[in-house]
Amino acid sequence: MLIGKVVGSVVATRKDEKMMNQKFLLVQVHDQNNKPKDQYVVAVDAVGAGHEDMVLYASGSSARQTSITDGKPCDAVIMAVVDSWDLGGNNIYEKWES
Amino acid sequence: MLIGKVVGSVVATRKDEKMMNQKFLLVQVHDQNNKPKDQYVVAVDAVGAGHEDMVLYASGSSARQTSITDGKPCDAVIMAVVDSWDLGGNNIYEKWES
Amino acid sequence: MLIGKVVGSVVATRKDEKMMNQKFLLVQVHDQNNKPKDQYVVAVDAVGAGHEDMVLYASGSSARQTSITDGKPCDAVIMAVVDSWDLGGNNIYEKWES
Amino acid sequence: MLIGKVVGSVVATRKDEKMMNQKFLLVQVHDQNNKPKDQYVVAVDAVGAGHEDMVLYASGSSARQTSITDGKPCDAVIMAVVDSWDLGGNNIYEKWES
Amino acid sequence: MLIGKVVGSVVATRKDEKMMNQKFLLVQVHDQNNKPKDQYVVAVDAVGAGHEDMVLYASGSSARQTSITDGKPCDAVIMAVVDSWDLGGNNIYEKWES
């Protein structure tokens, strides 16, 4: 899985029938230090992620292992919303910091 | 999935028998800001995409999850025509703007 | 799929038993403008491609969806010989031009 | 598989139901000379790896072939803790050196 | 498949139970001209490759299509030892040259 930030969404009316009612989110990939990478992915949302949430997404056939994406032409799925992560003992990201 | 633009098509008479009657489109990959990337893919069209349409394509085994590509040696499929997308609250692309 | 040119072949006597009688071709990947990229793949030939033919190859599990590669440890297959392609309305490659 | 070092962990409360009780580790990819690469992955831990352990991880559908990850939306799994490796006859890494 | 050279091996005692008795080889990827690339992979050996052998390896789910790797968390397998290859009519590598 890679870490990303939900930065937008994609609207597509004409799509494969299996993709009806799927929500496509635009995810900016971040590195382990929470710096945006020059990489994005359009992923189906399986967990109700919100705008600007940090998320984990899975790619390839693993993206079809949720009840929402099973058997569908989907190669990327958001399967977790990130609360926090640490790197080398330092807290890098905290969702609820205030 | 990644965002791409249909920029051409590929003709191939001699091909695996399972690929008969498949339409191969040349798709230029675009980034999240709608700038062309130095990357392309030849994808089977599952949704009737037209020249210069912005599309979403799925790769790998997920490319075989449409009725058109099921069980075929196809690793990329156009599974949606993009109407619009936004990034950070800004509209980046709008199919029907005039 | 990506576009490539058949530039050579690989001989391997000691190989997995499922790969007996498979023909390994060395394929130089080309970009959409028919310029060679700094990328190659060794692919099994499912369509009888010849030296210097422009071809399409499929990767990953999709490479096992031909009768020749089914169930085999093969992650790249030539599944079409390219006759021609166009890009932005211009003919980029024509097999039979004279 | 690639070699990596466990450098942190990711906490995610809201996740796909199949991912409940999965431990997400942040793995820094290393090259064959044990130099960190500019690449990371978030992997499920199938072997009880500890902080700063050198590990092997498998990607894609192969990441689902452990009893812990079977059928789950997981595209990277730590499937071994590395004791040592050599390169060109030289020992590059030794877990228990003192 | 890609061409690589066996340059070392990786020892891992603690590993997924399905990986017991698997031999992990460190493979340096080479380009089509037999120049080492800045890329490596740790692959399971399905053909008894020796140190410094040039080999072909398959990645992803195709790496599980040998009797040794079937159903295992393995994403790269050496499935052939290369005897020779040519490129553009020139012999690039010959195992038995003297």
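Letters A, B, C, D and E name the chains as they come in the text, with residue numbers starting at 1 for each one.
Throughout what follows, a contact is a pair of C-beta atoms (placed from the backbone, for glycine too) under 8 Å apart; a residue touches a chain by one contact, two chains touch by 3 or more.
Everything numeric here is computed off the predicted structure, so don't read it as measured data.
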{"item": "Both-way neighbours, i.e. chains that touch chain D and touch chain B", "value": "A"}
{"item": "Chain D and chain E, separation of their C-alpha mean positions in angstrom", "value": "20"}
{"item": "Centre-of-Cα separation between chain E and chain A, whole angstrom", "value": "33"}
{"item": "Junction residues of chain E - those touching two or more other chains", "value": "60-61, 63-64"}
{"item": "Touch-based graph of the chains, sorted into line, ring, star, complete or other", "value": "ring"}
{"item": "Chain order around the ring, beginning at chain A and proceeding next to chain D", "value": "A, D, E, C, B"}
{"item": "Chain D residues within the chain E interface of the complex", "value": "1-3, 31-32, 46-48, 56, 58-66, 69, 77, 79-88, 92"}
{"item": "Residues of chain C that touch chain E when the two form their complex", "value": "7-16, 18-19, 24, 26, 28, 38, 40-43, 60-61, 63-64, 71-76"}
